[in-house]
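Each of the next two complexes has chain A plus one other chain: chain B in the first, chain C in the second.
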Partner chain A sequence: MIRQARALLAIVVSAFFLFPLYLVIANAFKTEPEILRSPARPPIGPTLDGMSGVLDAGDVGGGLVNSLLITGSTIALIMVLSSMLAFALHMSNSWVSNTIGAVILFGLILPTPVILIPVFRVLKYFSLQNSFPGLILFLCAYYAPFAVLVYRGFMRSIPKDLVEAASMDGASLGFIYWSVILPLLRPATASVLVITGVWVWNEFLPPLVLLGPLQGNTVTVGLFRSVGQFDVNFGQLFSYMLFVSIPVLVFYLALQRYFVRGLTAGATK
Partner chain B sequence: MAMGLPTTALFVALVVAPIAITVTYSLNDVNFLRDEISWVGFENYAKLWDSGDFRHALYVTLLIAVASVVVPNALGLLFAVLLDAGSRLYTALRIILFAPFVLSPLVVGLTFRWTLANDGSLNNALEALGIPGPQWISSPNFAVVSVGLALAWQLIAFATVLYVAALRAIPTDLYEAASIDGASGYLRFRLITWPLVAPAVTITTLISLISALKLYDHVVALTGGGPGRASETVGLAIIRAGFTQNRAGLASAMAVLLLVITAATTAISIRVLRRREVDL
Partner chain C sequence: MASLKLVNATKEYVKGTPALKEFNLDVADGEFVVLVGPSGCGKSTALRLIAGLEAITSGDLYIGDACMNDVASHKRDIAMVFQSYALYPHMTVEENMGFSLRTTRVPKKERAERVLAVAETLGLADLLSRKPRELSGGQRQRVAMGRAIIRQPQVFLMDEPLSNLDAKLRGEMREEISELQRRLGTTTVFVTHDQIEAMTMGDRVAVLRDGVLQQVAAPEVLYDEPANLFVASFIGSPPMSILPGRVDSEERTLVIGDTPVPIPTDVLATRAGLAQAGEVLVGIRPEHATLVSAETTGAIDGVVRSMEGLGPDTFIRVDYDAGGHRPPPTPTGEDDDGTDGAGGAISPVITVRRSGASAVHAGQRCRVRIDPALCHFFDTEGRAIR
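Let's turn to the complex of A and B:
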């Protein structure tokens, strides 16, 4: 009896957390009058009007491609750059590397609005303003501290003897990193990819500011810009939100085990 | 050490240097349109001190930060105790419950705007229960509450999953030994559970604090900072001053203050919470 009551309560709590997502999914397949009459009702006789409408009217397709491109390049770069730095910090114990390790940690707490104005100026200095590479490089720098933290935590379990043995055999550090360390880091890499992937995909302010109005939008910026436009057509708005959400949800569900493990990596050191 | 160079250079160019530039801008009058910059000392900070709008934005941000630390920690632990069981049902529920955390804050804000509208699902449900619902979006006080709710909804999901992971790592024989010694449910929680989830408290507190202090996306999607500027956060104030009004000096002064507040509060939290982890 108590067991059933507990299960019921657990289901009710979880359902409560799922409600907004349910709203997005249900209303993406309903007609405008249906949404307005009873927003919480499941779609009876689902329609694809909203989905096809938003694909025709807006720039969802282009936005999805841009977001995929930006997210993919950013997390691939983060993986390489952060694991390299983490490895360098792991192997060295000089004051320089200790300072770098400490300063990098500071990046974990930095709110994006604090630095976006000067970041735009710096990118402009390198002629990278309003460009995908500029945005990608900034996101790499911004999320590197988290990835370095995860990698460093994981590296504590890799014995230094292993590296020393390999370098005794004449292997260069670069070779050891590539053929010994990177394969060992695979679980940490999975965590880094899925967590930063979700964060980068959902980023809104950096693409809004750094890409500017002339470049193609990411899907989040596109959603934001279309809110006014779709204020009258909720079917299309909910469809747009579904397009923004599906990729992250799929990515998360596929790698959810690594998501939680990565987030707790810093806590269990 | 050479392997760390590219990342370090990138980090210096796009994070460290921008922080230094922000500090410099905050002491200058900066006009990008006319490409002018002139030294004004602490004038921008003095302007902020006199600005009722900024003080209100600061108040809103700090209020949400406090609520975001307390509520997700408390409810997250409560829900985690509920969901900490071995069967497949609970595993599935835990995966589902985390989903809010991976959703775009914009999507979360927009769905909340829809749900909390005057004739939205929440007020309809309240009305069915005979309770008159408040104006969640258009009343100044409730707009702040709504923004806090949207953020909390994501953070509670995060906290719950983190606490479940911490609870599941506690060896069951600890509880068994305590039961044999006659410890009550409350004592077992106080002496075993609470100390052993300490690392999860630290992470939840830090993530919640940082998310609340940089709050921007949820607000833009849900209230746009309104009505008027009632629910404007410091993040919104920075972007409005810096980009909409072209007052980079003033915006940078706000940014420096936000950075100092973030650094101080996280440093204090880490100090307090880590001590708890060690002591117990």
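Let's turn to the complex of A and C:
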């Protein structure tokens, strides 16, 4: 009885989360009047009108490339910098490092809209406003606290003996980080890449404000702008959404195995 | 190879509470020294000071003639086998063993040759491409040894490397490590809490307690001439029985409870301190106590409490009459490790060793005869009386 109830609950919860995805997929292959008539109905006699409309508009490709570039660079930088920082904090257990650790955690509670204007001014001071590097640097700084938190938690499961053994074997701290610690952090890295990757991919306000209209769109800004541009053509809107969701889905599925391990590691010895 | 010397080495993790107090140890070139003691006695701290994983608070460490206090751990030319083995889980056996050669930029070809040579010595040649998780406990232990050997260091440090193995494998590895150390002739410091390892492996054994070195000597000297009550109780299994007694030098007797045991004249003559001793603690090894019939005079009255048959020997625990000194009996009789000072070390029972099976049974009245010539005597502070 309990088992059946549990299965039912799982189905309800899954449906709750999968329904929007279903809407996107179903409506991407329907015509405009069909969508307006019954948005939840599956596509009977599917059409590729929406898809071709999006591709003809020529915007989605540029947006995808920009988003891939920004997301890829950001998560690569976050991975390297956060794991290094977490390793340094893990190794030195002084009040200084603990204070730094606590200060970094404050970054987790800052909402983007609150800091966007000051950040824009800082970037402007360094002539990085309206540029990819400026946006990437901001996103790195914004999501690094989360990554440091994940890495620090995971590092507790790595025995200190390994670091001591490597240092007695003559390895420098940099070499130990690169050849011993980083490979062992793989599950944590997968979690960091997937979570921050999705967050950065979905990021809307920072690219809108920090990148500005002249540098091209990211997928989210492109979606926002397409609403006016296409006069709310829902077929094309859903097709656009499907296009921009595919990379995230592929990325998640590729790292899923490590991702789950990364989230649960450290929970038990 | 090199000698190793610790001079007044002290380590304080928290100011004012030293984990190791003015520790002095002189290890000769090629010698195998075992540091032994209960948990928290400072033996691992001493090893970590030698390894350079902890800084010495005061005192000096010499390897050869060079003071190593401020020398980084990897420049001390030492190799360490960790209790957890500390094998890199993502690397193969070959990569694990060759790691130190990689850090010192030994060419790939030479690295492979040296790894293979050591792997063959340790019987690991077929396992070079395996990861640590695919190895048994004993094989992992060998890889950890191989990783230490391959560097051809001046000193080996081993931190309880056998404690994760089962009893049978531990016995085998004990022999293997001793043999390997003899063959390589590398100065070795081995830490353990297992006195059997200490007694069987070390050329000399250093016994520690609460961060203080109690005695350092050859295993047989530790066993036969313990410097104090702690060493006497710690070394030997089952432990030495400690009974409260009084030496009556006029009557030339040792009085335990109400039982006077005559002390031969030559014993009093050879042990000068005994005549003036008065109240003493008497240590009796199980093999030096004999169970005799209830009619025998000059023997201590008692009742058999329990027996432990080990095949070749049986250990019989006897509740004895110690007058007003006898501590309340404990169910296990394991409170006699000397950790509570001299008074706390008094045994609730006398352990007697008998060859083969024994016909006695629990509850049986008996007497235990002890030979004062074979007894160890300690003053009330726990110091050996010689």
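Assume the second predicted complex is superposed on the first by the 235 of 269 C-alpha atoms of A that agree within 3 Å, B and C clash if a C-alpha of one lies under 4 Å from a C-alpha of the other, contacts with A are read in each partner's own complex, and residues count from 1 in each chain.
As a working rule, contacts are C-beta pairs under 8 Å (C-beta built on N, C-alpha and C of every residue); 3 or more make two chains touch, one makes a residue touch a chain.
Here the structure is a predicted model, which is why all the values come from computation and not from measurement.
Novice: Clash or fit: what happens to chain B and chain C when chain A is overlaid?
Specialist: Superposition check on chain A shows chain B and chain C fit without a clash.
Novice: A:184 in the overlay: touching chain B, chain C, both, or neither? Say first, second, both or neither.
Specialist: Only chain C is touched by A:184; chain B is not.
Novice: Considering only the touch criterion stated at the top, classify A:40 as touching first (chain B), second (chain C), both, or neither.
Specialist: In the superposition, A:40 touches chain B alone.
Novice: State whether A:244 touches chain B only (first), chain C only (second), both chains, or neither.
Specialist: Only chain B; A:244 stays clear of chain C.
Novice: Can you tell me whether chain B or chain C touches more residues on chain A?
Specialist: Between chain B and chain C, the winner on chain A residue contacts is B.
Novice: Between chain B and chain C, whom does A:175 touch in the aligned arrangement: first, second, both, or neither?
Specialist: After superposition on chain A, A:175 lies in contact with chain C alone.
Novice: Contacts for A:31 in the overlay, against chain B (first) and chain C (second): which applies, first, second, both or neither?
Specialist: neither
Novice: Would you check which partner chain A:10 touches, where first means chain B only, second means chain C only, and both and neither mean what they say?
Specialist: Touch partner of A:10: chain B, not chain C.
Novice: Applying the touch criterion given at the start, work out whether A:162 contacts chain B, chain C, both or neither, answering first, second, both or neither.
Specialist: second
Novice: To be precise, I mean the smallest distance between any C-alpha of chain B and any C-alpha of chain C in the superposed model; what is it in Å?
Specialist: For chain B and chain C in the superposition, the minimum C-alpha gap reads 17 Å.
Novice: Show which residues of chain A both chain B and chain C reach, each in its own complex.
Specialist: In the superposed arrangement, which is not itself an observed complex, chain A uses no residue for both chain B and chain C.
Novice: Enumerate the contact residues on chain A facing chain C in the complex.
Specialist: Interface residues on chain A, with respect to chain C: 159, 161-162, 164-172, 175, 180, 183-184.
Novice: What does chain C use to touch chain A in their complex?
Specialist: Result: residues 51-53, 73-74, 78-80, 82-84, 86, 88-90, 99-100, 103-104, 147, 151 of chain C touch chain A.
Novice: Write out the stretch or stretches of chain A touching chain B in their complex.
Specialist: Residues of chain A touching chain B: 6-7, 9-11, 13-14, 17-21, 23-24, 39-40, 81-82, 84-85, 87-89, 91-92, 94, 96-97, 100, 103-104, 106-119, 121-123, 137-138, 140-142, 144-145, 148, 173-174, 177, 198, 201-202, 204-205, 209, 220, 223-224, 227, 234, 237, 241, 244-245, 248-249, 251-253, 256, 259-260, 263-264, 266-268.
Novice: Considering only the defined contacts, which chain B positions touch chain A in the complex?
Specialist: Checking each residue of chain B against chain A gives 1-4, 6-8, 10-11, 13-19, 21-22, 25, 79, 82-83, 85, 89-90, 93, 95-100, 102-108, 110-112, 114-115, 120-121, 153, 156-158, 161-162, 165-166, 199-200, 202-203, 206, 210, 213-214, 216-217, 220-221, 234-235, 238-239, 242-243, 248, 251-252, 255-256, 258-259, 262-263, 266.
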